[in-house]
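First the structure, in the form of structure tokens, and then the observations on it.
As written, the chains take the letters A, B, C and D, and residue 1 is the first residue of each chain.
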Amino acid sequence: MTENTRTAGVPGNGGGEEPRIGVFICHCGGNISDVVDVHRVAEEIGRLPSVVFSTTHTFVCSDPGQALIEQKIKELNLNRVIVAACSPTLHELTFRRTLARAGLNQYLFEHTNVREQVSWVVADHELATQKATRLIRAAVARVRHLVPLEKRRIPIHPSALVIGGGVAGLTAARDLGDRGFAVTVIESAPFLGGRMAQLDRLYPTGQRARELLQPLVDEVVRHPRITIHTNAELLQATGFIGDFRTTVRLHPRGVDTSLKNAGAVIAVCPEEAPDPFNYGLTKRKAIYLPYEGCYPPHPAIDWKACTKCGKCVEAAGGAGIDLGGQPTDVEIQSGVILMAVGLDLYEPRRGEYGYREHPEVVTLAQLNRLLDADGPTGGKLVLNGRPIRNVGFIHCVGSLQHKGIHPPMPDGRINDYCSRICCTTTLRAATELKERFPQLNIYDFHEDIRTYGRGHEAYYDRASQQGIVFIRFDPQRPPRVERDPRGEAPLVVKTVDRLTLGEEVEVPIDLLVLATGLVARDMARLVDLYRCSVGSDRFLLEVHPKLRPVELAAFGLFLAGSVQGPMDTVESTAAAAAAASKAAALIAQAHVELDPFIAKVVEEKCSGCRICLYVCPYDAISRDDAKKVAVVNQALCTGCGTCVATCPCNAIIQFGFDDAQVKSEVLALLGRQPALAVAA
Amino acid sequence: MTQVGTQTQQPGPGRTTWEPRIIGFLCYWCSYTGADSAGTARMQYPPNVDIVKVMCSGRIDPELITTAFANGADGVMVLGCHIGDCHYISGNHKTMVRMPLMRRLLAELGLEPERFRHEWVSAAEGEKFSKLVAEMTEQVRALGPLNWPRLLYERGVGHGMDLKAWGE
Amino acid sequence: MTSPHVKTKEGLRRISIDPVTRLEGHGKIDIFLDQDGNVADCFFQVPELRGFEKFCEGRPVEELPRITPRICGVCPEAHMMASAKACDAVYGVELPLTARMLREMQYNIFYVTDHTTHFYALGGPDFVMGPQSNPALRNLIGVIGKVGVAIGGEVIKCRAWGHEAAGIMGGKPVNPVNAIPGGMSKALKPEERDRLEEICRFMVEFGKFTLKLFHDVVLSNKEYVDLILNGPYYHETYSMGLVDEKNRVNFYDGKVRVVAPDGQELCKYAPPEYMQHIAERVEPWTYLKFPYLKKVGWKGFVGGKESGVYRATPQSRLNVADGMNSPLAQEAYEEYFETLTGDRSGKKPVHHTLAIHWARVIELLNAAERALELVRHPEITHPENYRVVCDTTPSEGVGIVEAPRGTLTHHYVTDERGIVQKANLVVGTTNNHAAICMSIKQAAQGLIRKGVDVTEGVLNMIEMAFRAYDPCFGCATHSLPGQMPLTVRVRDADGSVLTEVSR
Amino acid sequence: MGTNGKLKIGMYWASSCGGCDISLLEIGPRLLDLIAIADVVFWPCAADFKYKDVAAYPDGYIDACFYNGGVRNSEQEEVARLLRRKSKTLIGYGACAADGGIPALANLKTVEGIYDAAYHHNPSIDNPNGVEPQPTYASEYGELEIPRFYRSVLSLKDVIEVDYQIPGCPPQADRVWEAIQAVAGGGVPPRNTAVKVGCTDKTVCDECPREKKLVKIKQFRRPQEVRPEPGWCILEQGIMCMGPATRSGCGALCLKADMRCEGCYGPPANVEDQGVSMVGALGTLLDATTEERARELVDQIVDPVGTFYRFSLSSSMLKARK
């Protein structure tokens, strides 16, 4: 390994003193050194002013590699360190810690990417070597301007708010409660359980959904440290990581626990409304219980349907029902917030595969209700009285949409993503149908089948063995659903089967099931209140899918479950548990430490023109009207730096990315500074 | 003049013919990661675009772009997250406004529009990234060296200007 | 600083009145003497070009009333108004009464300020102190010393109040910004109006006083009157000026009237027709062009009815007009012609270059009277009618005002977005460029002869021919309070300096 | 300092309009205070001194010399160099000297274009032989000279070392007086840095009486197209006001006349380039959430370069390439 050591210079720990720069260039096995002449690079960089040490190493990230850095920092009083290796996304933090161990401020470090962005993409050794040299030279110019930084310390209130009372929210709440934190769960509906309560049997185990949900609900509602608010509406949110203040409006339930004869009371109610729990397959009373064993166990009143006729009050003998209740607002303090609002089902457009044109066309969710032993038909498969012989399933309704073929959603986008759960759910339902009603002919129309999870493929095999007919259609020419002219069956599905090399098929159908996809909820209020990042698929966007998968960019906000994208119950609970443990790790400390790369207003340069007040996505900037200058809230600032580019006075700096640092980098890349080979 | 640009821009032995020198300002969360994924997939592309990393494309101060051109860049690229995918909610909305305006301004100052390019590249679009770099390199190569400081000097602007950096 | 290697034709001497170039910049006089020591030829050069006409292209037309005033920071209002009028024409908008009055009032107040500067600081001293008097005293300080400190105070007050008025109306006292296509940027508030009336009242008194001063000091001095009437300061040229519908002098608006040396009307044209009447010559030895009357034609630097050379000075404006639009100025106007033509019938025109000073004083009083009349108009503070909003498609337009130093023409052509495609400017002093060259040559010929020492006094008397025009080459030749420093270098055939006289 | 202990000051004007000299006169009565502390040893438009006198002065004779106007021809550069030699402190006075000023807009055009407009193709031109002014011309009697016309307008600091600069078109009298006193008092800021005096370190917004409503720009409007609502930020109303990217000191006079700021005080302190500083700010002020809308609004901006650099093209980063 080449070493180029110069011993001139003043020792010190950054911040003002003469920089003493150490450069460590990684071979990464041969990943880098096979293409880049790392020794020549080390030599040239070693000649730059202020570079007192420059070397190469087989694996700088290895223990010996890090040990070398520590040793040289101490031995040569290095006060700036550059590692040229893989992408900083992988090891930047590793090396920061190395600096810290050596007693050097960890922010006097620069990580130069010479693998992903040089050796792996530039075949020509000479050009690759030149490029690596340029990039490191730029890093040298940059680190000259680095100053020691300290992490921000923000006190944490040891509590969590969970938004959403579905399986994800409840799981996260329980895990956090068990770890000893105060948790508040808010649910907009009158009952807990969310989507899971509406499901029948779950793949891969085939267990009943509500049987799995029940114990979780019991655990949560009995939990000493968990508070639950149903009928809760988000009103306001202020504060930031460590000390969020959320105001929710609690709408009256109309019924309390003292109601004894719920059944009789519900029976007398004259008002009816479509039952969303059964996806509109049935109607329910204005005072209702969604299902057996729901929580809270006492009914709620659907105020939209209720006419306040008072019959229920009479039937209840005056006890337990109050039709005149008023909403109350409560403020909830929490150190962190978990987003667990879940998702919605895609509602097909009228006429999409005959939906809402032919009564024989239902969604997969509706079918699940029909299959449910506790469902509207007690599990019997009847559709307005007719016996059913032929059942068809169509996949990817509302998912995997194609530009030009599928009309865009109201926001102009199309759902080009896979909803992930529908294939397996479809096959599970199809196989159950075939088992329960062997005489059925079942046809499965799909563009593609994705049974990706453990045990999922088994459903496909079973379906094949059961003789379910698979027909693969061409997305360019999706199936057409029409009335059967011959009247054999109410419907006929026409399409071209690619499995039989483009054979035209016409299938008579009694019941057509649309495997509808999953879409993000309308979360406008939530997104606005908490400054959430949203993806182009409208689901909430994590910081980084691998590195920080359950965190939002705004500090203290976590993603629990399918608010982040289509997930089945298994994935949802896993994600929720992950979010809970991440959140717990954070609120377990008295203080949270945040990266210092935030914006700061240099008061004497600020003209108070207010233009930065428009810009901050996190409302972290306010104006001190007494001083007539802008002020950045350290806890709210996420360090995007947009305000820095905005300020017409250059009065805002961003630690780690201030103009001097970035510009010096640019100049160096262009061969301006520092001059080459000064002390050569 | 070609030589001038080349010598300082391409230190060390090897090529002496002129190579386009392009600065790419990339946001960290999407475009920079996109560049990484191009690397992970071992996509080969020209080495002429040198990447300067910022956290969000909204941080890309137009002054950085003029700094690059004023100091000898032949081209500048600005890459950020797609609209709607910004890690910082709306940081790239500012980029979306600044860059078209910047493009007009640069053109009016006498700079070929092809020397400045602004695109959206997501973390997954390694291929798009490598394509863009290749395209940009070729379109700048076709235009030839810019070497703005030299040019201004010849126009009589900034008599006091130090051209040493350009080998004079 | 004419470089020593400059060649001069055999047997000629060159007198270079040179620091004009160097120190005021923008003006340079070269006088060539033949072997007998008589003036062979004389060149007045303007070494300044800034290219406004070109870089106005591409600018939004509404910005030109703020860009073109930087042609001259001494008379920015003139350019602002001409430009704004051209913009009105470009948008084809008719200004409400209030808007027109606001513009004319602001312009007349500016006129008072500007003429004051010239008379007291530049032109006046020659008469008050005497053309051959001690140059150290031939300046404002000297004037004040002679006619009393109180007056000096009044002069400074007049300028100060004039700029206060400009500030009230135009935002900035120098380079105001308030003229826009369709009118003015803001209405005049009643309290602002009251202050302006106070200023205008003062200006009228000041104008009366100044006219009286001119009588006392100049007209009652036989020597000066003789100099005006019989000195080497007389050309017969065409006269040009702006007149209203009654053919009275108007600085802000009207038609351009041109009369021949004998007083006959040559033409009377509206702004859009200027191209049929004016053309500009280009000479290789100066950056400034030479406008002339197209219909008469360019015959070189000569006067008379056959030559298209014309003058656009205060005197020219009086020459082309049938009268003034204010009572006191009208009296003065009549007296002006009676005195100079010795003819009670009010015979016109007159061509005595030095009498331009007198005409200027009459204009000063007229401008003050007119401003006072306007500021008292009940409509002047109308809260709405200070402008109209332009919703028409812009195309082309010409705007003309009388700048203190001559008729000023702005001509723009725009695209449908109002972006300027072409701009043509015929600037005040430019009109007089040819005439100034002739006046200098005439004075030089009259004053520099074989055997005559070229003294400081002689130089000043040459300069008086020049200064009468209050020339404004980038307004550079304003001297306050003194006069242009002059050096005459007499060179022999090799161009080496024989003698040098400075003051 | 002269023997009488008074400062020796001078003033010169180059490629400018004369407004600067007038603005210096606007200090009015204080002109006399100035005379009290200083002898004017050279001020063509205010006192009678000659070029040869200046040439004869020993180097550094003038304590403080104010140079206004940019440098557009050889003569102006010569004088600038001469005055630099003769002056202890040289002050670039006004927008033109500091940043090129409005005449520097000519840098967006070629010299050929300028000559073409001035001497060939404007409608009133009568130039049958296609004559153009020549640096030297052989007349019948002898050679005549005029200065060489440069290809660009340069700011003073492009040509010589400048100690201080006073921005503004023209500088406002009160600020000028403060600056003169500062300089006379030995000059507070370090010399030879072209540091700007006679202005503050804030922007025009700081002095502007108008209030922001924190609403974004929905549509750009031009002064002739709208009556601005009094008291409300002009820029928020869609009129391209340069206030945010312009150094303060003027007192926001234009805004008080309901006009947008033209930017005559040049870039803010700590900002090198006025134009891009404005682009940075506008990025956040436009009411656009889609690219189409953004482009639409950007297209509504007329003449960006002439608006953002109206007074500062010579001191901008990229100048202009014509």
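Some observations on this one:
The definition used in the following text is that contacts are C-beta pairs under 8 Å (C-beta built on N, C-alpha and C of every residue); 3 or more make two chains touch, one makes a residue touch a chain.
Remember, predicted model here, so these are calculated numbers, not experimental data.
Chain pairs B-D and A-B differ in how many C-beta pairs they share in contact, with the greater number at A-B.
With every chain reduced to the mean of its CA atoms, the largest distance from chain B is reached by C.
A separation of 54 Å divides the Cα centre of chain B from that of chain C.
The distance from the centre of chain A to the centre of chain B, with each centre set as the mean of the Cα atoms, comes to 33 Å. Averaging C-alpha coordinates per chain places the centre of chain A 75 Å away from that of chain C. In chain B, the residues that touch at least two other chains are 58, 61-63, 67, 90, 94, 98. With touch defined as above, residues shared between interfaces to two or more other chains in chain A number as follows: 615, 642, 645-646.
For chain C, the set of residues that touch two or more other chains is empty. Chain contact topology: the protein chains form a pattern that is neither a line, a ring, a star nor a complete graph. Interfaces, counted as pairs of touching chains, are A-B, A-D, B-D, C-D. Contact residues on chain A toward chain D in their complex (touch as defined above): 604-605, 607-615, 628, 642, 645-651. Residues 12-23, 25-26, 28-29, 44-52, 72-73, 75-76, 78-79, 101-103, 105-106, 108-109, 113-114, 116-119, 122-127, 131-134, 136-147, 149, 169-170, 172-173, 222-227, 250, 253-259, 262, 302-303, 306-307, 310 of chain D are the ones that touch chain C when the two sit in their complex.
Across the interface of their complex, chain D is touched by residues 1-3, 6-9, 12, 14, 18-19, 21-25, 28, 30, 32, 40-41, 43, 45, 47-55, 57-60, 62-63, 66-67, 69-74, 76, 87, 91, 135-136, 139, 156, 159-160, 163, 167, 169-178, 180-182, 185-186, 274-275, 278-287, 289, 291-292, 294, 298, 387, 389-391, 411, 417-419, 422-424, 426, 474-476, 478-483, 485, 487, 495, 502-503 of chain C. Remark: chain B residues 58, 61-63, 65-67, 69-70, 83, 90, 93-98, 100-102, 104-106, 108-111, 148, 151-152, 155-161 touch chain D in the complex.
Per the touch definition, chain D reaches chain A in the complex via residues 201-203, 205-206, 212, 214, 216, 243-245, 248, 268-271, 277-278, 280-281, 283-285.
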